[in-house]
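Before any comments, here is the structure.
Labels A, B, C, D and E are assigned to the chains in the order they are written; within every chain, residues are numbered from 1.
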Amino acid sequence: MVITPVHYIVAPLIAAFAIPLLTKIHKDAARIVPGIVLFYNVVISFFLMNHIAEHGMISETLAGWEAPWGINLVVTPFTGFLATMVSILGFIIWLYGYRFKRTLKGGEVKFYEILQMMMIAGSIGIIITGDIFNMFVFIEIVGISAFSLTAFYRSRDGAEAGFKYLLIGGFASAFLLLGILIIYTQTGTLNMAQIAERMPEVPQQMKIIALVFFLVALGIEAEMFPLNGWAPDAYSQAPSPTSATFAAVVSVAGVYALIRVVFTMFDVEGVNNYLMVMGFVTMLIAEIAAISQKNLKRMLAYSSIGQVGLILISFGIGSNLAVFGALFLMLNHSVIKSLLFMAGSYFIYNTDDKRITALNGIHKKLPIVSFFFALGSLAIIGFPPFSGFWSKFYILISAANEKYIFLIIGILLVTIIELTYYLRVVGRIYFAKEEEGEPASHRPSINALVAMSSLALFIIVIGVYPDLIMPHIQNAADALLDKTNYIQQILSVKN
Amino acid sequence: MMDFQTLFEQNIEIITIAVYGTAIALIVIGLYAVLMKKHLVKIVIGLSIMDAGIHLLFVAVGYISGGTAPIFSPGSENAATTMVDPVPQALVLTAIVIGFAVTALALSLVIRLYKHHHTANIDQLNSLKW
Amino acid sequence: MEIIAIILLILLVGSILSFLINRVNKNFTGVTAFLVALASGVVFFTKVQSGYQFNFQLAGLDLQWGLTDYSYYFAYIIFGLSVLALLYSIKYMEGKARLGYYYASFLMTILGMLGVVVSQDFVSLFIFWEIMTWASFLLVIYNSYYKIKTKGIKYMIFSAIGAYAMLTAIVFIRVHYDTLLISEAIAKGAFNFEQYIYIPIFLLLGFGIKAAVMPFHVWAPSAYSKSPMPFTTIFSGAMSKMGIFGIGLVFTTFYLSNDPENFYWVRTILGWLGGITAVMGTIYALIQTDAKKLLAYSSVAQLGYIVVGLSTGTELGVMAALYLAVIHAVFKGALFMVAGAVEKQVGTTDMTKISGLIRKMPWTFFVALVSIIALAGVPPLGGFVGKWLLYEALITESNNYILVVVVFFSSTAAFMYSYRFLFGLFLGQEEKETEHIKEAPVTMIIPMVILAVIAMIAGSYPGLIFEPAAKAMEAIGFQNVSWQMSSLTNIWGDTTDLFLISMMIFAVFIIAFIFLTLKGLKKTRYVGTKDISTSGELPKEWENLTFQIDFFKPFERAAAPLYSMNMNKIWKNLGKNLEAFFGFFRKLYTGNGQTYALFVVIFLVVLLLFKDVIFS
Amino acid sequence: MLKKLIVFLLIATLGYTLAVTLSSIPIGKNRIGSIENPETVAAYYLDKSPNDLKVANTITAVVVNFRGFDTLGEVSVLFLAATGLASILYRKEEEEEEENIRHISHRLNLPSSSLVQTGAKILFPLIIVLGIYVFIHGHLTPGGGFQGGAIIATGFLLMLVSYKGFETNHKVMVWLESLAGLGFVGVGVFGLVKYGSFLQNTGWTGNLNDLISGGLIPLIYIFVGIKVATELTNILDILLNIKPRKK
Amino acid sequence: MAILIFLIVMAIILIAAAIYSIMQKDLLFAVLGTGVVSLVLSIFFYMLQAPDVAITEAAIGIALTTIIFIITIRNTTRDENKYNDDHINKFKTKKDA
């Protein structure tokens, strides 16, 4: 095998360390190199997905020490699916942002591109690592990049949002360390597969305490309700490609971490109900908060939190079909929300105003972008025939399978709230009386258009013909739920 | 070195209480500062004290009574001495550096905030809300 | 490729095509859309037979498309009305902005409706239902530039409530009966109000909202009156019938069971809701001063009748409902087109501002007259037969005598608003301002006249509609439905020959017409509304002496308590209170980082305290 | 006041819970099992470090080799922190020009007498040498890349604080920073290419307690040391050069 | 035994320094308090047989963390209860409005 999972991390790292040198050779290296690296990650993803389709899952050992002893990187259909998704979206977001930041000076571009690239690479790291402490390190990599990027713009309240994010993120890492500490003392290992194997022997009390710390720490990363105060601020203050990355990549990694810990490491009853209840509360409060937002990006941020809530509900239901629906929703959410952030960013760019009221009749100035925004809105609400519908449909079926009728009604009522505020914005874009003004000064550049259209195309194609992607998601869901296989595959390497 | 080992072996309960007590006290004090203090620098101090407590906990649980530092000094390669657990120490090493990175970033944000908002009071940093 | 897929594809491509053509040349957009609809209609009626079906798989689900006699019946309404409405649009929309958008959405709506009737499984039904909903949403907000906040959103929210109720039901059908095919679900008894009672209730809610049943009718009047006129014909004529279509489907189980006791309370409630809808629609129609709004409320009322008919569940009642569905599409389509023609020529449909258009727009007047007669249910036009059947069904085959009274009342009151419509627009004194008004263009007149003629023929030969309706009823569970071509037979055996009656009435009509025309040929002095003096006192400039103002003042006073029961207000207050309530929760995001940190710690401590309760 | 009460209750509960939890994890208990038949990773490391890797300092073995990937991540965290810090405190050139104070250093002005300056001048090379010693001997004695790097950074700190005119050579810093990082990754890639596993050590490891032993481990620690030193110096440099507010 | 007492004294100093550093209103002294915390902590680490950690904590915790705190205080305010400078506040409204 020529390409191994470690390339996911090594390529961005080499690029990150080399960019300060390369910028001395060519001014635009800082912009181009991350693109090459992220594209390489896409190539790796396809290669690895092919490989695991033929040979089964990969557990790569690092530093030559096999699974429980050293750190290992695991590519199962599940992690491979998420890594593929994240790397493709990462590349598309880079493509979108390639010329978006052209007003910046050289130095700033360098910082921005490095941080952005490492945030994506770190997210992939969270997804593919098989070691709990290594996951902590990657969470910190993502965290540090995210804090810095949130505070990237100085003309806005970025620093404030960044500080809040950092404060809560600091809590997350502290609690995560406490959880790791307890788990390590009880099992004597840091490898997630081995922890899972030894978990039945751990005293119940210890197990639950550790679980609580993990739930709180990773709940912060996954934007669960009382822990997500940082999220709307960070989403709304970060540069738009970064907001798209938060929604499409970082939150996916956060949810992944939570799910991996809950589903694989621990064998505690009641977690599913916890996820379901907290997911529902998260979704409800976020959508309620979104309905009266005046700031476009903040509204999108709350909507993202709401979607994450739905994902958590679906994972909480826990059946194979529900996990399938959750993964499908994760995919859809990433794609659609990136599209919305990308389109929304052009609105803001052109109006110099983040308020929704500034969007009145903007479709005359930016017809294509407006179309993408409307498409994204319809898709995220779950209108057929766009991709968002199928995920919602499967989640509902899985909830119905477990006879959660009130959950279904609740989800649908919340969807109506969501529909209300999205349609208000779309209505403003298309039907409100436009303000007098010159034609748009910042038309979308060609690379941004390519990025947005590829996402839009995905939404439509998957909406009309979901079978294209469903087998992969099904494999991923099977792989996530097959815990024994995961443990055996990883630990068998040692013999 | 030997002094510590024998002494620690004999009075392990007191050590436990002292070390764990200190660690928990640090965590709790740091938490209090984060939750109650209004000055941004104090909040960052709180975070770093909290981190320090957690680091102490890590080292403490790795300790084995009668153990030596996990370093094989010349001539003692094959001596069957007990050694303390090296893994938590390695983890703490990483955690300390990461903690420093986070602290530095936090402080730079504090400086930026003070430049832009002209305040170091966390209660006044609420231009983003609802 | 299956023929249905091809037809849907034609519509989809046509939709995109008309959007693109508009970029090139604005004049061809309407023609293209019309031709696309016509072509797909022709292909549909020549190539597709009822009973045709095919299966396929999508997203791991077994889906089925096809046509039964029942859905074929609704396909007639869809295509008939759409083609005429598109023909009408060509001139009506001339010179308006965003034609590409308009026609593309129009064709998408047709696609959605056609999809709804050809779906034989719930998933495609839902998908097409939603396509229909958002495509029509796009048209509802086409006109309402500044009022987006209330009008379009209200429609969408109610549609969404309906659609999601439907989705819930679909999901549970899939879970409990392990099928998504409508026929199988019916065969397995999914719609029985016995075991899983919420399934049919949610489905009825979903379809009922589209059919504008109380108390969810509030979206309908504003949505109907706000959308561009040619589309309103489709909206009220065809799309609301999709709700009827669905209610019929849900009741199939009952029709099959042939047991009047079955479903009794559901039918009673639904019947009553339909009756109340009819009354409310009528009463509100009375006080409208805008012709469009009047027609919109009238549509709500008429849909009420149809629901009443369906919920009687007897052969006669369902026949009445299906018959009314078609005839309502015909005359209401014609009336909206009339209103559209007036709007196009005069610029407004406010009845207090227009009067005496009869001489200016004689063809339009003719169509309006015929349609109004049909609407009011006066013989010999189509509406009469439907109402007759409905009364007969209610009186002879159900025990809801109070309901009969209610329906009868609303039907009688329908005279009042029909008259007002006719009078307000066409009769009365001519205004100076309307002197230059001309008759509407011929492509607008043709569809109107066609509809009027259909309404007339249906009055004499209702059997033309009874035939497919009877087939449709056989497809949803009735057996051996009997019908006559041109006569009505009641249970006592009395037969009325409709053709004879209509001939007689026509004769009277023609005589009267000739007489009036001759009389009208004499020179008359036209008096403007302000060109009078009362008791030697000149009316002031602002004193509007048009009859249209306070037309039904006494009645309004009598019915005042009814008007205070405004459903719209109730919903609006609900919305407002909900938003205020939401605002409270939003305050949880205080914006203070320390508070967020406190939340984290509180959450942690609460979890730690209750860890043994939550986890085990 | 209510908030204070709530916070007290919260932290008391949290402390109590932690205490209860920790009471069942006693200090000093041997949890790592026997080294001969390792159940836990710690025992395995204690076994393999002197015998296979020939690294006397097990912690170094763990940090650099067994969990070397973590260290790579940690180094990148530092790197990202320095980048982020620079990005947060980056000042637009126009802004600077506007205030017309471009080339004036805004260094922290502690009172630095000539005594301090001379002391710093003498101490600086010593501190640098100490730092280098610490990370070169990382596999033998306590200490290593992080410690050595941090010590070197304190040396630069001393110079930066006591000399107004002292400036780090940015070009050299950038090169050192990048090359050290690339060196670390390069060693990893070497392992990947040669042995098929990222960061894998060479087969040749030398003798325990020799300066040149442990295969690539000292090399990695040197890279880590340089990287950490440059990153920390960078951070300090940026922070120290913040222009004080106009008073 | 002396060492045991030493340990306990150290623990007390540690907690006292921590409390001092969060209670002290003069932030400069509070930061020096955290320096003391780090110092004592590194002694703890040393006694718990973790010399590597002790050196790290000493280098990073005592020297570097303290200095960056001091730099921050210099760039913000030194008095905990004084969150800003008044005359700058006046100027702020004009600039940020």
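Criterion: contacts are C-beta pairs under 8 Å (C-beta built on N, C-alpha and C of every residue); 3 or more make two chains touch, one makes a residue touch a chain.
Just so you know, these numbers come straight off a predicted model, no measurement behind them.
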Where subunit A and subunit C overlap in contact partners, by chain label: B, D
Given subunit A and subunit B, the chains that contact each of them: C, D
Farthest chain relative to subunit B (centres taken as mean CA coordinates): C
Of all other chains, the one whose Cα centre sits farthest from subunit D: C
Selected interface, B-C versus A-D, where C-beta contact pairs are more numerous: A-D
Closest chain to global C-alpha mean, per-chain Cα centroids: A
Centre-to-centre distance between subunit D and subunit C (centres being mean Cα positions), rounded to whole Å: 73
Computed distance of Cα centres, subunit D from subunit B, in Å: 16
Distance between the centres, which are taken as Cα means, of subunit E and subunit B, whole angstrom: 13
Of all residues in subunit C, the ones touching two or more other chains: 586, 589-591, 593-594, 597-598, 601-602, 604, 608
Sequence positions of subunit E contacting 2 or more other chains: 51-52, 56, 60, 64, 68, 71-72, 75, 85, 88
Subunit A, residues touching no fewer than two other chains: 133, 137, 140, 144, 147-148, 151, 159-160, 162-164, 167, 171, 178, 185, 190, 209, 232-233, 289, 292
Chain pairs in mutual contact under the definition given at the outset: A-B, A-C, A-D, B-C, B-D, B-E, C-D, D-E
Contact footprint of subunit C on subunit B as seen in their complex: 31, 34-35, 38, 43, 122-123, 125-130
In the complex with subunit D, residue positions of subunit A that touch it: 4, 6, 9-10, 13-14, 16-18, 20-21, 24, 60-65, 68-71, 105, 107-108, 111-112, 114-115, 118, 125, 133-134, 137-138, 140-141, 144-145, 147-149, 151-152, 159, 162, 178, 182, 185-186, 188-191, 203, 205-206, 209
Interface residues, subunit B side, partner subunit E - complex: 3-4, 7, 11, 14-15, 18-19, 21-22, 25-26, 29-30, 32-33, 37-42, 44-46, 48-49, 52, 55-56, 59-60, 62-63, 67-71, 84, 89, 92-93, 96-97, 100, 103-104, 107, 110-111, 114-121, 124
Footprint of subunit A on subunit D - complex, ascending: 17-18, 21, 24-25, 31-33, 39-42, 44-45, 48, 65-70, 72-74, 76-77, 79-81, 83-88, 90, 92-93, 174-175, 177-179, 181-182, 185, 188-189, 191-192, 195, 197-201
Interfacial residue positions of subunit D with respect to subunit C in the complex: 3, 6-7, 10-11, 13-14, 17
